[in-house]
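Residue numbering begins at 1 within each chain, and the chains themselves are lettered A, B and C in the order written.
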Amino acid sequence: MFEKTIKRSPAGVALDTTGAHPAGLAIRELDGWYDDSHVLHAVSLSVLPGEVVTLVGRNGAGKTTTLRAIIGLLRKKRGSIRFGSADIGDLGPRDIARLGIAYVPEERGIYARLNVLENLRLPPVLRQGGMTEAQIFALFPNLQERLSSMGTQLSGGEQQMLAIARVLRTGSRFILLDEPTEGLAPVIVQKIRDTLMHLRSLGYTLLLVEQNLQFAASITDRYCVLETGRVVDTFDNLNAHHAHAQLRRYLSV
Amino acid sequence: MSELFGVPMTALAGQLMLGIINGAFYAILSLGLAVVFGLLNVINFAHGAQYMLGALVAWALLNSWGISYWWSLLLAPMAVGAIGLVLEKFLIARVAYDHRYGMLVTYGLALIAQGLVRDHFGAAGLPYSVPEALRGGVDLGFVFAPYYRVWVVAASLTLCVLTYLCIEKTPLGANLRAATENGALAECFGINVKLLSTLTYGAAVALAAFAGVLAAPMYSVNPVMGADLIIVVFAVVVIGGMGSLSGAVVAGLGLGIAEGLTKTFYPPASNIVIFIIMAVVLTLRPAGLFGRDKG
Amino acid sequence: MNSLLRGNAMASKLRGAAPSGTWQLFAGLTFLLLISPWFLYPLFLTKVLCFALFATAFNLLIGFGGLMSFGHAAFFGIASYIAAYCARTWGVPPELAIPLAVAGAAVLGVLIGALAIRRQGVYFSMITLALAQMVYFLCVQLPFTGGEDGIQGGVRLPFLGLFELNNDWGSYYFCAVVFLAGTWFAHRVVHSPFGQVIQAIRDNEPRAISLGYNVYRYKLTLFALSAGLSGLAGGLKATLFQVASLPDVHWSMSGEVLLISLIGGVGTQLGPLVGAFVVIAIEHYLAPFGSWVTITQGVAFIAVVVLFPKGIVGSWGSRVPGLFRSRAQAAVHSPPKQD
């Protein structure tokens, strides 16, 4: 599952033999269950700091489950998940968030009982280096116009932007995004791509789940293909045609 | 005119005032119940007992240490609220995943509180006099309004409004609303939902205890003063629903007034009128008057 | 802890026919009841059996149907009043007074159930409590109940003119027969086609609805059966002890039958009897200490939920492994925010 050559982070820092960087993610032989249903099988995956990795696979392949396992929402697991030097497998979501992992769920999770500004300010600032509100509004100007609207009065695209915006305040540099472009118009998808590219240029690490392969191809460094709860392949996106052929093989695109 | 449907205006106004007072208590208690249920998924059966303990602490403070009513308004909620914090952390949090268990455990707590108080203080009521500053009243012509009752209405409604504002308009309230709506996601942001739950329960208990202190000079302090009250409050939250805080307050006030009116015009039905209204609401609008409920 | 309110032995018996072991159970029970008065006071045993029958009725609803009522005192108490009033005021013999009491309780059960079943979960419980409280207040005010004094005195007429009830032993054996009959009836309900549907509803209500079952009517029927059987217990108690009073219809009585069911083991066959024995015995022992009965019951409620969710019978000799509620039922009753 891992490249055999010496891997370097985008900043050029050499990595240790397990492929983990002090602030990257390393999942080893992860098994996961929902009650008695065995949903993840020996999943191994690493994400280097500054990298953009996309989990792809058919519906039910275990992509969302993997993200939930990382953020601590999947309780029944076996195997190791390390973030930097910390073993986060037994931690709850709160502790994992405090270590610097942010989560943008598939359903976006915008609160109906909070207005836009409250939604934005809800996640507490956990470390230095997060964006200021001014910076966030510069990135998402249309949110600034809707501050007093209740969360769910926003359109799907606005909610998605809000869901991304609010975690940028926290200072967390490792963001999990579950299908950020699902159901959105091309114009909004473009906006989200620009946002994610911007984050990448700032050194953020992104682990995405995406069904929109065109979108994924435009931003990801690497793919990780999941099938029925197992990692079947990982490959990089340096050669777009080659990558596309690989994807077609697995997903009959 | 001095009569309405054969009832003198003074009697009507007097009962209406009592109705508003009862309504204010229903409002405070159903507010506390609704907030706790929303966040902790627990029906706090002990809420009535905690109201009783507030009154009891006020009585004890006065009789043992001569501490005045005004200090009791601050100290009793703090004391009973502190007990609430401990109860939530070590007991209630353990059963919060099933609302029925929560109801059973808090029922047990209510029995324990009632039993202990009855054992120690007896079943008869303990008297608590109206504080000096609020004795007497004002003659409005058609009704004599005792200062103390006016104070109780003003204080409880103010408290309801303050609680509502705190929850709906402050960042802390935003945390509470978010945790109530989707606590798992709130945890993913780093919010300590468990601590929030503990503090919220303590605050709701303090709220009930405050109402108890308000009640002490009006009703004698006895072990079961909260028991029958909590059952009526249950009917109030069934009618108003627990999804809407303003709904809980409006329902509480409205039903208190309805009770007062019934007491004026048809006294035999006054202690069951709220249950009758509940039956009617269940027949016509099962989801409760203000909707937003889950089940 | 998930096991507390889940049918225990009953859950495993999904076939309609009576399971093996039933005859042995009833034979053993009959034998036990036959010889008990030689070891314990018949009057005490009579009281235990009345409450055991009450708990059996209650168990139908909570253990089998999964519905936690906080208002069963209404059925027990109303039946108690009806039986006592008929006997004392009209001289009605028990073979008529008790069925009348059962009918009254069943009718009340339909009325209260019709309203309570409209809501789920905690709302159901709160509604049963509120409506039972209404019944309590009515009983306080209505003249026929005798208010604070209740209905007392009157002669215990012989059952069917033959069976003497005015001595402790006669009362006891009559009570034992009625208890066995009531338990057998509850057993038949559980192991009937009706019972199977009830279980399906309890385990996965949305699925039962999608299969076309009129869930409301099934629940209401179960509620009425539970109420009627509770009425049998109440009528029996009033007939044998010649007293019906406000405590019978007070919310603490609802709490008591709930505690009996929890301690005995919700959903078990012997739970009601064991639970009734324990609770009534403790009451008798602590009676001189007044409030300590209440305190002990409060502690017992908490202890059972936190420490012994399966109750006495459930913890000992449970043949059903894995007493967790089905996932579907958990999904219905848990809020979405829970993991």
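We adopt the following convention: a contact is a pair of C-beta atoms (placed from the backbone, for glycine too) under 8 Å apart; a residue touches a chain by one contact, two chains touch by 3 or more.
This one's a predicted model, so the numbers in the text were calculated from it and none came from an experiment.
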Farthest chain (mean CA position) relative to chain A: C
Closest chain to global C-alpha mean, per-chain Cα centroids: B
Distance between the centres, which are taken as Cα means, of chain C and chain B, whole angstrom: 32
Between chain A and chain B, centroid-to-centroid distance (C-alpha), Å: 45
Whole-Å gap between the CA centroids of chain A and chain C: 54
Touching two or more other chains - residue numbers and ranges from chain B: 181-182, 184-185
For chain A, residues that touch 2 or more chains besides their own: 73
Of all residues in chain C, the ones touching two or more other chains: 339
Chain C to chain B touching residues, read off their complex: 1-2, 4-5, 68, 70, 115, 118-123, 125-127, 129-131, 133-134, 137-138, 141, 251, 255, 258, 262, 290-295, 297-302, 304-306, 333-339
Sites on chain B touched by chain C in the complex: 37, 41, 43, 91, 94-95, 97-101, 103-105, 107-116, 118-119, 181-185, 227-228, 231-232, 234-235, 237-238, 268, 271-272, 275-276, 278-279, 282-283, 286, 293-295
Complex contact set, residues of chain B against chain A: 171, 174-175, 177-178, 180-182, 184-193
Chain A residues touching chain B - in the complex, by the definition given at the top: 71-73, 92-94, 96-98, 102-103, 105, 109, 111-114, 118, 121-124, 126, 166-167, 170
